[in-house]
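The letters A, B, C, D, E and F name the chains in turn, as written, and every chain counts its residues from 1.
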Amino acid sequence: MSEKKTALVISAHAADFVWRAGGAIAKHQSLGYDVTVVCLSYGERGESAKLWKESGMTLDRVKAARRTEAENAAAALGVSDIRFMDLGDYPLILEREDKYKLVDIIREVQPRFMMSHSNYDPYNTDHMYTTSIALEARMIAQAWGHNPGEKVLGAPQLYLFEPHQTEQMGWKPDTFLDITDVWDKKRAAIECMEGQEHLWAYYTNVAENRGNHFRRNSGGQSGGRNARYAEGFQSVFPRTVDEL
Amino acid sequence: MSEKKTALVISAHAADFVWRAGGAIAKHQSLGYDVTVVCLSYGERGESAKLWKESGMTLDRVKAARRTEAENAAAALGVSDIRFMDLGDYPLILEREDKYKLVDIIREVQPRFMMSHSNYDPYNTDHMYTTSIALEARMIAQAWGHNPGEKVLGAPQLYLFEPHQTEQMGWKPDTFLDITDVWDKKRAAIECMEGQEHLWAYYTNVAENRGNHFRRNSGGQSGGRNARYAEGFQSVFPRTVDEL
Amino acid sequence: MSEKKTALVISAHAADFVWRAGGAIAKHQSLGYDVTVVCLSYGERGESAKLWKESGMTLDRVKAARRTEAENAAAALGVSDIRFMDLGDYPLILEREDKYKLVDIIREVQPRFMMSHSNYDPYNTDHMYTTSIALEARMIAQAWGHNPGEKVLGAPQLYLFEPHQTEQMGWKPDTFLDITDVWDKKRAAIECMEGQEHLWAYYTNVAENRGNHFRRNSGGQSGGRNARYAEGFQSVFPRTVDEL
Amino acid sequence: MSEKKTALVISAHAADFVWRAGGAIAKHQSLGYDVTVVCLSYGERGESAKLWKESGMTLDRVKAARRTEAENAAAALGVSDIRFMDLGDYPLILEREDKYKLVDIIREVQPRFMMSHSNYDPYNTDHMYTTSIALEARMIAQAWGHNPGEKVLGAPQLYLFEPHQTEQMGWKPDTFLDITDVWDKKRAAIECMEGQEHLWAYYTNVAENRGNHFRRNSGGQSGGRNARYAEGFQSVFPRTVDEL
Amino acid sequence: MSEKKTALVISAHAADFVWRAGGAIAKHQSLGYDVTVVCLSYGERGESAKLWKESGMTLDRVKAARRTEAENAAAALGVSDIRFMDLGDYPLILEREDKYKLVDIIREVQPRFMMSHSNYDPYNTDHMYTTSIALEARMIAQAWGHNPGEKVLGAPQLYLFEPHQTEQMGWKPDTFLDITDVWDKKRAAIECMEGQEHLWAYYTNVAENRGNHFRRNSGGQSGGRNARYAEGFQSVFPRTVDEL
Amino acid sequence: MSEKKTALVISAHAADFVWRAGGAIAKHQSLGYDVTVVCLSYGERGESAKLWKESGMTLDRVKAARRTEAENAAAALGVSDIRFMDLGDYPLILEREDKYKLVDIIREVQPRFMMSHSNYDPYNTDHMYTTSIALEARMIAQAWGHNPGEKVLGAPQLYLFEPHQTEQMGWKPDTFLDITDVWDKKRAAIECMEGQEHLWAYYTNVAENRGNHFRRNSGGQSGGRNARYAEGFQSVFPRTVDEL
């Protein structure tokens, strides 16, 4: 594991990391982590309805607008390292060389943990495709025969962040992170997403209710921690510990 | 949560805690925990085949022998607090008053975490029944209206320890505990189980192979911790954390 | 099926029907249904922490307070028929005769649909027990040999209403009901639950976010209905239709 | 395992064994097995609608009629050993002593395989209850300390026979049995069920379509066996073999 | 949603829509829907065994024969709009441009509901591949940035029609459609499938038994509708309703 | 089905067949089967860490070393027919023509049963990809229109052999094969894997513990066969039998 504390978030579209992991990103930045966010696409075709309703809109203008929003959100979260792979969306497709570029980033970052989407999403096949790519790239990054001589990847956890309509995705959180002290940053990042204002209140509600779940699971009315905002994550791999 | 570090293991039959959680028990005792083991029955009817093959065997003699084995194993693990509820096995049945006695113990111990069997076991219905009772008793212990004035229970994790034939039980470990430095104690406890010598090698194999899983998930060939023995657990409830 | 439009909600504790199905109840009352709510217990031991923290509290006083709250909430929802079986909670247990009383109610009401809790709930075994009882009582009510001569039950749907921490319960909604026009009633009913004020905002958030899910699934940004509040339900049985 | 080839079918209600396992019973009788059928109840309350619609019907007359039908069906299948435990239905409940009587039968029969209902059935809780009892009784029958001195049970397979509306029950067959050469016997047994004539064609269709599944899985259009009628079963336990 | 009532059926091979959704197609045509059937391939390599057993057969002759059969079946069902994409089978593969052609059709039709295969099929990977493509194409059709200016798709339900050997596919119907009044049309369409005469009786049995399931779930012996033939469907997405 | 008894093992990387199915291979060779092993890749990039740690290593030298090890292991198991498709690993990708080559092998071998990896493996996406390819190739091999005139495939079982960390893969064995009398051969084959000596003890433990599972399921302490070593397999398709 790297001396430096690092984390890597792989986001199918430019805005996903904000709604789903903005708190975890800000929190870990504040804990001294360097968090790298990779946006595989801008969500320019499928997640920019408001922009496309403007007259004279072009693909390049949508991409530029989405990029600016994502950069602003990243800045609000305290992230300096955000990368855009511009691979296209609806559908998102990675060829072998695209996968290798993602592997390069993983090896460069050497993350303590990774994050991506839920395993299943019938509404948005780009999301579940991204998770399958995250697992494949993680595996390649661990291969001693891939670019021999480079530092291979260890075994970082892959956390699946919260999808929209969790139950439809079969997503079940096993970890709640208290984000109370960075909530202002997450809310600020959310407000950078001007094209999706209809979701600001939605994800504020999510954060409040996940705070309730945090309290329930840390002791409830018998003295649970008073977390007011939280985020939930599903772990792909088991944990290895010295104390339960 | 209690100032004192405590844990509670609920075992359907007298020997279950040894094979399935002996390492975790010894480890947490060595970390300063007080671990309480509750054996709901001695396994006198259903898990004492070797004794019953002796001539002139009686139920009381089987119970006494099983109790002695369990006490010896507990001692080998460093546990001073083992309790026998003597509720009968094959089938194990708890009436309301029996459940309340178990609730009394839970409230007395105020465990930081609890342990019991897998959720499903078609070979041994006592095992899955015990887990359903553990959940019910945990719930009653949290009720402010049960024996008002007593200290209610917080929200301790319930870890499901490893069943025999894990895949048939639908049991999936999400946590591996390194038990290398207490392995000698677990092996000594295992050897107290004279009536089930055919399982000594079996659970030694399990511990070695779970050690491999620990290494795999803590970094594998890229620098994972060299745990030689481990135990696996499945969590029922999500964790609440400040750092992923 | 009954000429009269009727529905039956089976609630483990006195408050459950408010948080989980208050919108559906008010909505169907406004559609001309007679909705009957059955509270198997008052939740007097396990769901009345705030009351038990008062000095000099007794079981009877808790029950009375909880009953009043539930009656007020029912009135706010427009329900005239609420029944309290007073069977005790934490744990809730129905003997054969208790089940038969529930069957009597089912046959009397002849509901077009029934409602109860999720199939699984490790936090609250009373909840999942209630669902198993609902299925058993529904089956008995269909038996021609149970109190022969009575009108037997048809095959009403059993909707499972939304549990707390849905993903932990394995609950997946397949039906969203628009409750926008009765939201004021549900909110008023929620505010009758004085002992659980910490949940008012929580379930308001739930209703708003389920409204988002309604919009997503009825057309999204391409013209979905502008439902602002909704409730979700999981069906146990398949639907029978003349048009998809 | 017994020298004698024996099998045991545990049926919640008097007619279940006919529709669901009649072919397997007749087939194994013809292969030299002694098949014992245990009907825990007559299905007198819940599965005798046609009888109850007759005027002046009584519980005893229903039971007698159901018993006669079941005996006739057993005879048609070539079964000489059918037992009625008369434990009541809707709901079916076994007390400890009732379970021990079932254990006595299991030990007496020493079956090479057992059969019972699906693990889940929201339409009919008696069915899934019977399966849980079958597992519990099998476990007790294996206990050396239950009636010491008796021959304990080995490890017979428990096959779950086909429920009505298989997909709703989560039942998945892993074994198809060719019943072509005993189909006439099964059809004759089916026709003994005069009270449920509406199901004769239904289960004939099932047998024909399971025959298609047999052919598909034994080679399909590339030379599969020409089974015309079959039954499907789900195994609870893994098989132990010397050749795949 | 379109003013005109429309539906779209996506069939991997030329005959699938007949066996699995013929009733729904005829029924909705009779209800005033325009149903479009898209056959991604003819099933020329993998589902035309009978033709290939004839001497001198060629791929083109097989395709022509399959096309004629499918057109005749469509006519029997009252469908005027059937389209053949001729993409090849065993394996079926869609390149990006092929997907876009399918998206064009979806947008042209603007279906109120869509239909395709089960999510899983180990016997026939073309089937499950088709479902994954249906979800992907539905997503692209909803993207405002895909061919900007075109009318984007709303959120139509995707019904998964009945696979062969339902339990092996993990397919669970949640909706039964009464097809009694169009059964003659479905049977006529089935008889157009001259190459698969061995399946005529099979799918007649299925329709009869699904009729039984319809009756069971609409009231059973207590007055359920007397549907004689039905089809079952599994919904991918939740429903949005104003009344339960 | 072929007169000759044949079997086909499809292994993602060169060593997989040894750890996971070496006993089954040796056993069936000893039973008169001709077993063909197909290695899709050498595991040269991702499963050869030890080799890559040597200085001056090249891809060709790794491949050659891995091939030699696999050939030696095959010889130890008594297999004469091992084939290397050399398709690359981490990631393994088969183009259409590669799939057709695999189909050619399947048709040439006409196996009574096939073997491959688990359905899911988040650690190693090559493994689950191989299983999806095995199903696709099996389907193509059954198509009468693929290379018309060739002998088409029947319906051989696909057994999924034991993955590493079984519970994480959702793999559940339904069949245990006694490999006691060929254990020496499997151990010898294991020892050919010089690059993975850390796994020798691991898979010896597995074989011993699967032997325990064999005994448990063939009668346990009541007279089960004394198998000392076994392998477990999960069947994809149902069995067709004449006797249960």
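Heads up, the rule we're going with is that a residue touches a chain if its C-beta (ideal position, glycine included) is under 8 Å from a C-beta of that chain, and two chains touch if they have at least 3 such contacts.
Composition by chain, UniProt nomenclature: A, B, C, D, E, F = PIG-L family deacetylase.
Values in this document were obtained by computation on a predicted structure and should not be read as measured data.
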item	value
Neighbouring chains shared between subunit B and subunit F, ordered by label	A, D
Same or different contact residues where subunit F meets its copy subunit A, judged by the half mark	different
For subunit B paired with subunit C, centre-to-centre distance based on mean C-alpha positions, whole Å	37
Inter-chain centre distance, subunit C versus subunit F - centres from mean C-alpha coordinates, in Å	52
Residue list for subunit A, restricted to those that touch at least two other chains	49, 123, 142, 144, 168, 173, 213, 216, 221, 237-238
Pairs of chains in contact (touch as defined earlier), listed by label	A-B, A-C, A-E, A-F, B-C, B-D, B-F, C-D, C-E, D-E, D-F, E-F
Touch list for subunit D against partner subunit B, complex	96, 99, 132, 135-136, 139-140, 142-146, 148, 158, 236-238
Touch list for subunit A against partner subunit B, complex	1, 7, 24, 27-28, 31, 113, 142, 144, 152-155, 157, 159, 173-178, 213-214, 216-225, 227, 230, 232-233, 235, 237-244
Residues of subunit A that touch subunit C when the two form their complex	49, 123, 164-168, 170-173, 198-199, 201-202, 205-206, 208-209, 212-213, 216, 221
List of subunit C residues in touch with subunit B within their complex	44-46, 48-49, 52-53, 57, 59, 62, 89-91, 93, 122-126, 168
